[in-house]
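What follows is a set of structures to go through.
The following pair of complexes shares a single chain, subunit A, combined with subunit B in the former and subunit C in the latter.
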Partner chain A sequence: MNISPDPWVWIAALLSLAIFSFLYKENPFYRIAEHLFIGVANGYAVTFYWHNILMPTLFDPLFRQGKLLYIIPFIIGILYFTRFIPRISWLVRIPIGITIGYYVGVSVPATTQAFIIKQIQGTVLTSTNFQAWNAGSWGIVWSVIVFIGVLCSLSYFYFSKEHKGVLGVTSRIGIVFVMIGFGAAFGYTVMARISLLIGRLQFLLGDWLGIIQ
Partner chain B sequence: MTLILLTAIFALAPPGEVRAYDTPGDRGEAITIEWQLSQDDAVLDGYEIYRSEDGVDFQKVGFLGRGRTNYEDETDDDKTYFYKVAAVSNTARTLSEPTPQVISSPQWINRTKINIFIAMFLFGGFILYFIYHARKGKELFIRKIAGLQAVDDAVGRATEMGKPILYSLGLGYVEDIATIASLNILSEVAKKCAKYDTQLICPNNRPIVYTVAREIVKEAYTEVGRPDAFDPDSVYFLTDSQFAYAAGVSGIMVREKPATNFLIGYFYAESLILAETGASTGAIQIAGTDSLAQLPFFITACDYTLIGEELYAASAYISREPLLLGAIKGEDWGKLIIGTVLIAASIVGIFTKFPILDFFR
Partner chain C sequence: MKRTFPLILVFIFGIIGIITFIIPHPIVQNLDESIRNDILKILVAFALVLGLGSLLKVHMDKIKRKRENWKYSWILIISFLVSSIIGLFGGVEGAGPLRTSIGSFHFDIQTLYENIFMPLGATMFALLAFYMASASYRAFRARSYEATLLLITAFIIMIGIIPLGEKISPHLPSFAQWIMTVPNVAGQRGILLGVALGIIATSLKIILGIERSWLGGGE
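Let's turn to the complex of A and B:
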């Protein structure tokens, strides 16, 4: 055993154990670690936003380089603080409206392309995509299964009719496809989480206690 | 003499038909260079791209491995450029002829995105059509969604038990569709909380989402005629760090013991931590997200889960507002069209040589 003499390693290890103690029940050690974690994260975020966003993209151009056009985002940003003054707190809706409007405008076309157009492209059956599947003689079978899966899954998310009759059958098949997909995602993600746990245990048993290399 | 002879024997074939053109449908500042593979492509290290502003002095600006036939160069708009492409191996380099001069400039319309424009135009048209009819009073049917029928019970349970309701909007930004849908649901939940005088706890991860959420809750209390009951501290910013947020919300769950947890929005790896902690406190949990990787965890640890588009339909279902109902109806018609396009495109793709996939690039 070769315990670390580094005080920072000790602090990190004890805080890790304090967080792990939540697995038993909520306790003062967990509470200290939780509040410390949130406080440090917020302190870090404030300095990060100040040095990496506000200074280089707003204050420097506006106040040091004299780019007067930046006064517009400056004023819009300032309006967020009006909610602290009850008489003019309604002004906060202006930056909120601009922010949501801008970002929705940006994200809707991107979402349409990524989740609709590209999904159709990957699902449409053609003689060439049978070959491109690169799955030997099973290529055709897999392509058809994906095609049916997409159509049936779509039918599950059709809200304008009760799921009865033909729609009932296709939506049931669809939810089976959806659940198979979730099962695969579950296994894949659990593996990723286990690797995170292994990383923390390696730190505790290796860097801190020196039991393992 | 020997050197000249060896050079002649080992000289590489240059890339063929090199052409440079302003990258189409972009915001400018880019020129695309295309060429045909050198006949010696199999023995090459790759291709070097040279650029000149006067057609005489060429500087190397890029390198691509063998088998590649195009390169996009970053440029300044309204400047003249010439390009050459060299086939390169470890012993030789052969340059192509220079291209004619080319200038980059921005375009107003990106023609490669026309398909997206058509899709949005169609969906937008359907949505506006149904909103128009919903506003005129036409009854629009939406099937029952299990998780949403539990919302009333969940709020009622919290009221009876005298315990608060916890509402987490997740880690999504305000532009995420899941966050916007969640904000709509928050509005309805807040109205019920105001009506039954149930305490609402809404810790936030994103500063702007927090600002919007606070306004929405405040407005919900005003709408049901109880602006005085709105507690400004019920909606607050916790932290924008992912796991600090998870630790904080978990702490709130075990200390405040909410009767109901709503975990609705966009979540990442913290989803299981939150859902498991909530389940351990005995709270009813209603979750909803369109994050595919996190949905399995919500399904296993929560009582009700809104899967993907059910989340978008949820706010319309709860509120019965014409605007939202019309949007859901429009989306349903969009799905019908997607299904029809899939079937029609597949028939064309299988039975003809028509390059149908080009429509979906």
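Let's turn to the complex of A and C:
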């Protein structure tokens, strides 16, 4: 056993144990670690935004380089704080409106391109898609399964008509594909969490206690 | 004015967001770049300040009124203030005017991040492995056809991507891979198309001023 003399390793290890103690029940150690996490995370966010965004993007150009146009985003940003002055609190809607407007505007073509056009391109039955599987003649079968699966999955989410008759059959097939999709996502997520757990145990038993290499 | 002007702004900036994707002209692209890299970055930074102010207000209020678990709010406030001061005046990796080391012991913001934030974050997510295991057990007990299908798929994927899978059967990893690339893609794509249509519909509703909940209450 070769215990680490580094005080930071001890702090990290004890905080990790404090979080793990939640498995037994909620306790003061867990709560301390939880509140410390939020405090430090926000402190880091302040540092990041100050050094990487506000200084180089706003204060340096405005106050050191004299680029007066930057006064506009500065004033718009300040409007966020009008929220605390009831008489002019409506002005907070201006920076929110600009931010929301731009991002939802960008999301329309970006979503259409990435999530609709590209996905349909990958689903339709074309010789290019058959060959993309690199599975010989099985490529046609896999493409047909994906094509039917996508149509049936979509029909499962179609709620404007009662799931009876043809729609009933397709939606029942659709739920099979949807559940396989959820199962695969669930399996991958569990494995990601397990690998994090292994990482923490390696840290505790290796870096901290020196029991394992 | 109080509601109409912000709605006009949303419309204008929404249209700018859309046309920058369609029109590759340098004027439009430069406008887009300055909105994205200058204006919005700054606005997001100010929004963060507002959010942090609200966080501190909530916890100060909790301490003032001595609400349940109020003592822990002190830990949050003190750790926030200490790490902010270290980060703002000590600079990233201790390059600022504030001294962030005593001998060989460093306590700059990057060190705090690596030794407090990262282990705490990783442990919290690792903790979820236990809760997911418990959730899957409960789902299995539900014994519905869909839940069973979900769990069998998850089990095959989990076993298939680790070395044990190949020991059980040499075909298991390739079967897991097939599930990932064929039926999983079909299911995920169906969901994705639905989500995308939802995003587009909601975005257009916001741009056209049909969806106004972001304006909040009041005048």
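Assorted remarks:
Keep this in mind: the second predicted complex is superposed on the first by the 212 of 213 C-alpha atoms of A that agree within 3 Å, B and C clash if a C-alpha of one lies under 4 Å from a C-alpha of the other, contacts with A are read in each partner's own complex, and residues count from 1 in each chain.
Going forward, a contact is a pair of C-beta atoms (placed from the backbone, for glycine too) under 8 Å apart; a residue touches a chain by one contact, two chains touch by 3 or more.
The model shown is predicted, which means the values in this text are computed figures rather than measured ones.
Contacts of A:Ser107 after superposition on the shared chain: both subunit B and subunit C are touched.
In the superposed model, more residues of subunit A are touched by C than by the other of subunit B and subunit C.
Contacts of A:Phe22 after superposition on the shared chain: both subunit B and subunit C are touched. Shared-chain residue A:Trp208: touches no atom of subunit B or subunit C. By the touch criterion defined above, A:Glu162 reaches subunit B but does not reach subunit C.
Contacts of A:Leu197 after superposition on the shared chain: subunit C is touched, whereas subunit B is not. Residue contacts after overlaying the shared chain place A:Ala12 against subunit C, while subunit B stays out of touching range. Using the contact criterion defined above for the overlaid structures, shared-chain residue A:Phe81 touches subunit C, although it does not reach subunit B.
Shared contact residues on subunit A (touching subunit B in one structure, subunit C in the other): 19, 22, 31, 33-34, 37-38, 40-42, 44-45, 80, 83, 93, 96, 99-100, 102-104, 106-109, 111-113, 116, 120, 123, 147, 150-151, 154, 157, 178, 181-183, 185-186, 188-189, 193. Interface residues of subunit C facing subunit A in the complex, by the touch rule stated above, are 2-3, 5-7, 9-18, 20-22, 35-50, 52, 55, 69, 72-73, 75-84, 86-88, 91-92, 105, 109, 111-130, 132-133, 136, 146, 149-158, 161-162, 179-197, 199-200, 202-204, 206-207, 214-216, 218-219. Across the complex, subunit B meets subunit A through its residues 113, 115-116, 119-120, 123, 141-143, 145, 173-177, 180, 208, 211-212, 214-215, 238-241, 243-245, 247-248, 250-251, 254-255, 269, 272, 292-297, 299-300, 307-310, 313, 328-329, 332, 335-336, 338-339, 341-343, 345-346, 349-350, 356-357, 360-361. Note for the complex: subunit A touches subunit C at residues 7-9, 11-13, 15-16, 19-20, 22-23, 31-51, 53-54, 57-58, 70, 72-74, 76-78, 80-81, 83, 89-90, 93-113, 115-116, 119-120, 122-123, 133, 142, 145-154, 156-157, 174-191, 193-194, 196-197, 199-200, 203. Looking at the complex, you find that subunit A touches subunit B at residues 19, 22, 25-26, 30-31, 33-34, 37-38, 40-42, 44-45, 80, 83, 92-93, 96, 99-100, 102-104, 106-109, 111-113, 116-118, 120-121, 123-129, 147, 150-151, 154-155, 157-163, 178, 181-183, 185-186, 188-189, 193.
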